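Presented sequentially are two complexes of subunit A, the first with subunit B as partner and the second with subunit C.
Showing the complex of A and B:
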């Protein structure tokens, strides 16, 4: 989103440089000969589709330069490298753990537990996804009834959330002797108003 | 055709007989047949055992009576009770405490317990061995203990009604076996979290005594080297049951 504005701040360039850039970028990349006929070919349009809007705007601007585009590619590459090389966050691990339970079958605990409820797992994942950056991350748990849950066990906070799989959360929270419990609706998009205050550490 | 119906018919007869006996006990002897209650609950689906017992014997009535023929006597308040931890899924990431889900079965099939005062080491070792036999997704991780009175004293919202019942449910090969169940029939969803919280607090705040340290290693030393290896493996893979499950 910030790329076009960034490009526009670069100084003028020669017409030859601009033409070269446009020619280079508007030409769909060619795919090298396929190893075998059965191998699926990647349609060229897919490779260029993300670039075209930028190039279109670029054509309208005579102030673009090869240097600017090179800079843009460098930036994008740097971002992509960061994305692929960065370590998995604790939140992603939590979400991954909950999602992995979808593979469990009935009697996963050897004591007659129900199979994990897909809707409950989704709710727990959604809740973990909208927790504030500064919030302490909970641990995930799976109930014998197949419901996913989250819990906090800290010095000043104990919280037990059970995702019932029908858009409701049953919760019990204890903070320094004060107890709060109930069942409330959860639309998987917005944090229920009662939690930010109760779960703050 | 009839041979295929016979077992079902007998099971039905058994249930009817059990119910009739309970009915007569209630109105003629002014009591409840706790053997019958336990038997009927065992015939029901695992998920419905807690409800079945709390319906047939409300108010933890059968705590005062033996529920099993193998019983060595009712569970008294002064006894210490232990619950064995077998599943990494029930243990927190640090590996030192159980998650609240460890006690969730009080609402369904019941939570198994061992009566410390009457359980010889050999019996507990046999219980662990039988539980682990032929399974690859579990290991003996450790034990949690609580006083029976602390469990029976648990109340929801500081009410007067006992929230959990502890019954003597001895088994032929494990006479020290007991179980705890939710006392309320179909406990409210919001109450379940509170009950788990109180239970965890009663059981040494959820802190696990590692299997090799329980009873100074006496039970651990009774286990075969193979079971010790399986248990050690389970303990080191805490929180990653998925890998164990998938490899099983």
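Showing the complex of A and C:
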């Protein structure tokens, strides 16, 4: 038996009468702020699958220890089985692209490029992870030297960063005619102070 | 750069950067809280309204089954809610994050996994505020961390082979699944005595199945990892936790479960996918 999502069943059987205390969700008196009328209401993605449920009778015929095991599974499964999707974010796509390069071998470009440097990929991922929610996300690039890079190519901003894999970033930034370039340290935790101002769009 | 479209069929993690579709944190206690204490907990949880603005009370009803007239027999003995959930939903109604407070458990689940530190910090904030009230009256009986990871097959469906994703010879997978061409389910569970006080439940479910989306069907491998440190169990040493120390105990177990979960997961997926999702980082 598969316990439906949001429905917890607690068995309390006796010889005379079996009662199931079922936790039913009352009509949701939600206090979530209502979406503004201009906000498009997107219906949730409906999805079915051939997921194979555990057989309840198998669980009930076991000892108390195993019952505990399966009870946990049942409880958690009930919580987990809400098969709602969420879209992958732009940041996850960016990080995913960089991480996928970890599988490239040398000569990945057919022109003798070095294999991607794991430490450089990690630094680029870390940088992408600490960009602010409101920051414009860059595109990812891979240098023939095996270094990961990020770049912005906007009307008022061109910038590219190369992660050298040793805790340094080489950068070139052009904003409204002003050009800045150099190499600075990056500890993978904190955004170097020079960037927020230079990369602001 | 190589053109990805020329790549042969392969699995991709559901969210590109990682495969985690769902993560759940659970604290369970026994005995359940009484009405007065539970009311305090619910009041305390009001502070999370900004994070989790949706609210729903759960009422318990009794259903009579068997001898006598079946049907709803009336409300449960207590008039106060059985539990309350606080959540954040998307405009389309999908719950992205939810904090559920029951008389015997606190559960936080979210679809918004980014990094362990970020997600645990969020959960930690909720548990920290509530756990002292639970522990003042009851013992901790379980601390649980659960993941659902999903990998989607990209390519011709007839060529889909979960063996391209899974580790050959993994001790957490039933060996015969490597010989099957149709869909399958593999389940394993075990208790591990990790220390004199901790009975760790490891439960792994792996499904190879087809998902039917409105616009397409896709083949996926879904790995559900349920890790639970069961405490104050028969034949194990008692763990008495003061309200002041409860958060520290919870954090220590969650960190251990996280590390153990990664180690276990690395034994289910192959080296290539481990590298692809940066599992070791």
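We adopt the following convention: the second predicted complex is superposed on the first by the 117 of 201 C-alpha atoms of A that agree within 3 Å, B and C clash if a C-alpha of one lies under 4 Å from a C-alpha of the other, contacts with A are read in each partner's own complex, and residues count from 1 in each chain.
Methods note: a contact is a pair of C-beta atoms (placed from the backbone, for glycine too) under 8 Å apart; a residue touches a chain by one contact, two chains touch by 3 or more.
Everything quoted here is computed from the prediction, not taken from an experiment.
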For A:102, select first, second, both or neither according to whether it touches subunit B, subunit C, the two together, or no partner. second
With both complexes overlaid on chain A, does A:197 touch subunit B (first), subunit C (second), both or neither? neither
For A:170, is the partner it touches subunit B (first), subunit C (second), both, or none of the two (neither)? first
Please determine whether it is subunit B or subunit C that touches the greater number of subunit A residues. C
For A:158, using the defined touch cut-off, is the partner it touches subunit B, subunit C, both, or neither? Pick first, second, both or neither. first
Contacts of A:86 with subunit B and subunit C, given as first, second, both or neither: second
Looking at A:142 after the superposition, I want to know if it touches subunit B, subunit C, both of them or none. Which is it: first, second, both, neither? both
What is the contact status of A:115 with respect to subunit B (first) and subunit C (second): first, second, both, or neither? neither
For A:130, select first, second, both or neither according to whether it touches subunit B, subunit C, the two together, or no partner. neither
Kindly list the residues of subunit A that each of subunit B and subunit C touches, one partner per complex. 97, 100, 103-104, 108-109, 141-142
Residue ranges of subunit A in contact with subunit B within the complex: 97, 100-101, 103-104, 108-112, 114, 139, 141-145, 149, 151, 153, 158, 160-162, 164, 168, 170-172, 174, 179, 181-183
Give every residue of subunit A touching subunit C within the complex, in rising order. 16-26, 28-33, 35, 39-52, 54, 65-66, 68-70, 72-73, 75-77, 79-80, 82, 84-86, 88-89, 91-97, 99-100, 102-104, 108-109, 122, 125, 129, 141-142
Mind listing the subunit B positions that touch subunit A in their complex? 46-47, 86-87, 89, 92-93, 97, 99-101, 104-105, 108-109, 135, 137-138, 189-194, 196-197, 206, 239, 242, 245-246
Residues of subunit C touching subunit A in their complex? 1-2, 4, 12-18, 21-22, 24, 26, 49, 53-68, 73, 76, 82-83, 87-96, 100, 107, 109, 111-112, 114-115, 142, 144, 146, 148, 183-185, 187, 189, 191, 201, 203, 205, 207, 209-214, 220, 222, 224, 226, 228, 230, 272, 275-278, 281
